[in-house]
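Shared between the two complexes below is chain A, which pairs with chain B and chain C, respectively.
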Partner chain A sequence: MKALPWALAVLAVAALAVVPFTLSPVLVQFGISTLLLAVLAQGWNIIGGFTGYASFGNSVFYGLGTYGTAVTMTKFHQSFALGLVVGAVVSVGFALLLGLPVLRLRGHYFAITTLALSEAVAAIIANLGITGRNTGLILPLIRGDSMFYEMSLALMVLATLTVWWLARSRFGFGLIAIREREDAAEVMGIPTTRYKVLAFGLAALFSALAGGIHAYWITFIDPASAFDISLNVRMIIMAVFGGAGTVIGPVVGAFLLSGVAEVLASTVTGIASLFFGLVIIAAVVFTPSGVIQAIRRLPRRGLATFLDAVRETRL
Partner chain B sequence: MVTLQVLSNGILLGGLYALVALGLALVWGVLDIINLAHGAFIMLGGYIAYYLFTGLGLDPFASLPLVMIVMFVLGYGIQWGLLNFLVKAPMFNMLLVTFGIDVVLTYLAQILFSADLRAIRPAYAGSNFTVLGITIPLANLLAFVVALLLTGLLALFLQRQRWGRAIRATAQNLGAARLHGVPPRFAYALTFGIGAALAGAAGTLYGLVAQLTPYIGVPLTAKSFAIAIIGGLDNPLGVIVGGLVLGLAEAFGSLWLGPTYRDAVSLGLLVLVLIVRPTGILGKTA
Partner chain C sequence: MTAAGPPLFEARSVSKRFAGLLALSGVSFAQHEGEILGLIGPNGAGKTTLINLISGTLEPSSGTLLFEGHPLQGLPPYRRARLGIGRTFQLMKPFPGLSVLDNVTAGALFGRRPERDMTKARDAAAHWLAFVGLGDKLAQPADALGGPDRKRLELAKALALQPKLLLLDEVMAGLNAVEIDEVVDLIRRIRDGGTTILVIEHVVKAIRQLSDRLLVLQYGELIAEGTAAEVLEDPKVIEAYLGRRRH
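This part shows the complex of A and B:
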């Protein structure tokens, strides 16, 4: 019974793994950015989807990972691997340190504080000498899209496996309990503060690793691109579109939406962003619990799936 | 002297900021919707006023009511025809849809109005006068006065008028308001429409004292957040406090730390307020 989804997943990963050897370089580049976005969506899924905290600070984790890697490589002339580690340590450290005061806030207040934090960190980085101020940093050039592709794929698989473990572990159940009703979770004996901070740190870990890989691949970073708040919005869109709080939803969301954006960009070039906005609106209205949920219901309910969804969430 | 001048600049800016945030705070406080398209509404209002000025020669203060009516209709329609369908969905969904509206409006504006800088510049735009050695630009002062006037009017409307009270009742308890005859779909659309109308007014004044591009929306939404948080959501007059705090913080932040730290100062302030007083400076403690 349980073997089929596993076989499908292994098959999908295998098919993705051979892409660099069979398909065009353009597709490989599209693959790298999509896989990294899937990692980011999965990272957001841990704190947003499972724990229910709408974080706008994940782009800070991404940015710190980016800068940790870049500074280690350019200013201290160390290896990429060490850079990744430094980026991850800085980012996770930041998450654990700030998680304590910030995760006390709930709902919209948490969302806005993390938003502000990301802007504040970007401003600090833009004023520091070691990070190259506003001009940014240039990393050593390396050719090898296939390598970056396989690394991104491995990271995506790791992130998804972690979320899969979350979905059936005591820790993950604790996070879901916090999402559903934090006071009740506390009463039930869940160490809510520790769990929330750990979830924040886990989200930071994956975001930072994705940032580090992206920095070395693109070879140029500056504060505006590393701390881009719209990247955070894209993580949320992809996770929610696919299904927040599910294991595979964020990955599906990342692939579907990146695909749609790519097709739009090549067909209706000038107004692609406009259409993208409309796609987001339509998707959220008609599949409020995510695409995965809708696909599960579709065979039984047919088109009524979408109408039911709209009716359920209407005022 | 420099300090006094910066103080006056900060206060004038703060008044406008209060109006910028007013619509967002209203919609957030009453409907529990964070409207990420709020800044785009401000941008749109600014462009409408700009074209009324360049096309018909209408003074921005004369076109203000017109802009507000147009924006009210737009906001009412968006809530009635779209957002009302999502009210019971999780919080992220509303954030995403309003973000989608922001994207659509921003790129529509880019196509329709081009990305060039626009500003509403009537004859009196450049004039200023000096009091006690402080230079006060006339347009900024007028914008300040109108902003405070509109904030006061909203407070009066919510306190005294029948529908204003219906809106407050909806904010306190949707079910009880419904039992007392407030039609919720209409109350929601009305509130969102008023929020959009106030954004339109803010855009008109913004176009008078600053420059319009299709991209001013997101930063203005972010500032509105900060102001609403600092002031708290319980009282429309809170945004005046929030606006003044942010205006002064930005003015003095630029003076003491340099303009590159301006945004960091205001946002650092926001984080501080949230951590120390999670319901805002004027807000009730939970």
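This part shows the complex of A and C:
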């Protein structure tokens, strides 16, 4: 274990932790949504980046976390902490149950099925009395952006440490083998079904916790905002742009892209989505393994890296 | 050529049907510990299907497969790998994005005697790569290897599982005479290490050198069984390969 990356990581987290006490409230709010996006990107990284299953179901996990927390707090008048736990349990349970059949599908079929799942769950929630149907739920108001910020930061750190562990554990190694060639992984003694479902559940856990924190912070949720498929697209873009399958890539991607999108959105409305579209094309074409890999290779290889990337994509 | 004790592996009237095609029909044989069993037959005879049935990629339509006396039915491939059934693929299947070393590390981490510590698993993988002669290519990406080296990698991956029964699906296809001799020698050394081996091969010279016994499949049926010398002289086998002599 090298000391320098750890020192840098601790320094970065410390710098982020003092933001609420030093910078403007607007920046703190921007920080909360960016940190939560980083958590979502990291969650997607587990199933998409490590295991190789391009999930469009992560926004369902987020939505279920959102509603689990909100329903527990508003209908059962329980604490936020219990709400988070309920949201996480519902979401992870859903992932484990649905993962069994859905993770038998590969590639496009998996992506399309998870997409459909998202629509179906949103429709169910919009028709249930306990979830407030289409009108949504209003959570108790609490002022405390600093608290939400620190919670989001802690969750982001937890998600990243989990992925760090994955990258050097036997379990994570099994996931990578599944991504690289599933049938070969199975005859190498890797319980592919169990591992895939567990990865799906782990992704669900972090998405659900992010959803729960977001719900309490924003205080109003409805099916359209909780099960927003464009949120899933943003997770993917951020993870892929930063480096899917790497440890800090998704976090870097979330910060870079949120920053640029925020600046763009404040100038011209609608240009941010166009920007995300361009980013995903550029990321896939030029840096197939993400910004993190490109930076790592750049000093050694220079221009050759760029040319390799172009060649790899057979432009 | 009978060994004492129960066989390590046994197939009892195993059949496999794909829709209308009977790929294997009532195949029965037994393999004893330490034995190298050769399996030959024309293309489409059902050789790879048989390996897929043993490794668990496919389930038989009828019949029983016994490993160390226990039925394999219903066990997923990974469980069979952990019991000690290792295989190679005819169309080689390395993990393309991983290094040569990490390709083999997977077997050490999840095999019959799983090594849960990453460092120790990599050490074991390096040992098997040295054994097959790839000791100087550990850091290379697997998809950068040439054909013969890919065959060796495929072998090392299976060996890292520490299988009791190793199923080799045409590991010599596409190799030249020198490379074939090297692989024959390698397979002998694997057997000397205590592994029982089932070899599918088209290279008759190699299979004659290697096999203690030879099985011949044609149209999914076992048509001959015996020593290489007996089987290769059998008129039925000659006919299967060369066609019926005109009278």
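Convention: the second predicted complex is superposed on the first by the 299 of 315 C-alpha atoms of A that agree within 3 Å, B and C clash if a C-alpha of one lies under 4 Å from a C-alpha of the other, contacts with A are read in each partner's own complex, and residues count from 1 in each chain.
Please note the rule applied: contacts are C-beta pairs under 8 Å (C-beta built on N, C-alpha and C of every residue); 3 or more make two chains touch, one makes a residue touch a chain.
Everything numeric in this text was worked out from a predicted model, so none of it was measured.
*Asks:* Answer with first, second, both or neither: which of chain B and chain C does A:108 touch in the superposed model?
*Replies:* It touches chain B, and chain C stays clear.
*Asks:* Which of the two partners, first being chain B and second being chain C, lies in contact with A:244: first, second, both, or neither?
*Replies:* Once the two structures are laid over each other on A, A:244 reaches chain B alone.
*Asks:* Between chain B (first) and chain C (second), which does A:116 come into contact with in this model arrangement: first, second, both, or neither?
*Replies:* In the superposition, A:116 touches chain B alone.
*Asks:* A:280 contacts which: chain B (first), chain C (second), both, neither?
*Replies:* So A:280 only meets chain B here.
*Asks:* Which touches a greater number of chain A residues, chain B or chain C?
*Replies:* B
*Asks:* Kindly classify A:191 by the partners it touches after superposition: chain B alone (first), chain C alone (second), both, or neither?
*Replies:* A:191 sits against chain C, while chain B stays out of touch.
*Asks:* Go through the superposed model and pick first if A:129 touches only chain B, second if only chain C, both, or neither.
*Replies:* neither
*Asks:* How about chain A: which of its residues touch chain C in the complex?
*Replies:* It is residues 168-170, 173-174, 176-177, 179-181, 183-193 of chain A that touch chain C.
*Asks:* Inside the complex, what are the residues of chain A that reach chain B?
*Replies:* Result: residues 48, 54, 101-102, 104-105, 107-109, 111-113, 115-117, 119-120, 123-124, 126-127, 229, 233, 236-237, 240, 244, 270-271, 273-274, 276-278, 280-281, 284-285, 288, 310, 312-315 of chain A touch chain B.
*Asks:* Please output the residues of chain C touching chain A within their complex, sorted ascending.
*Replies:* Touch residues, chain C against chain A: 55-57, 76-78, 80-82, 86-87, 89, 93-98, 102, 105-107, 109-112, 114, 116, 118, 121, 157, 161.
*Asks:* Along chain B, where are the residues that touch chain A in the complex?
*Replies:* 28, 34, 82, 84-93, 95-97, 99-104, 106-108, 111, 184-185, 188, 218, 222, 225-226, 229, 260-261, 263-264, 267-268, 270-271, 274-275, 278
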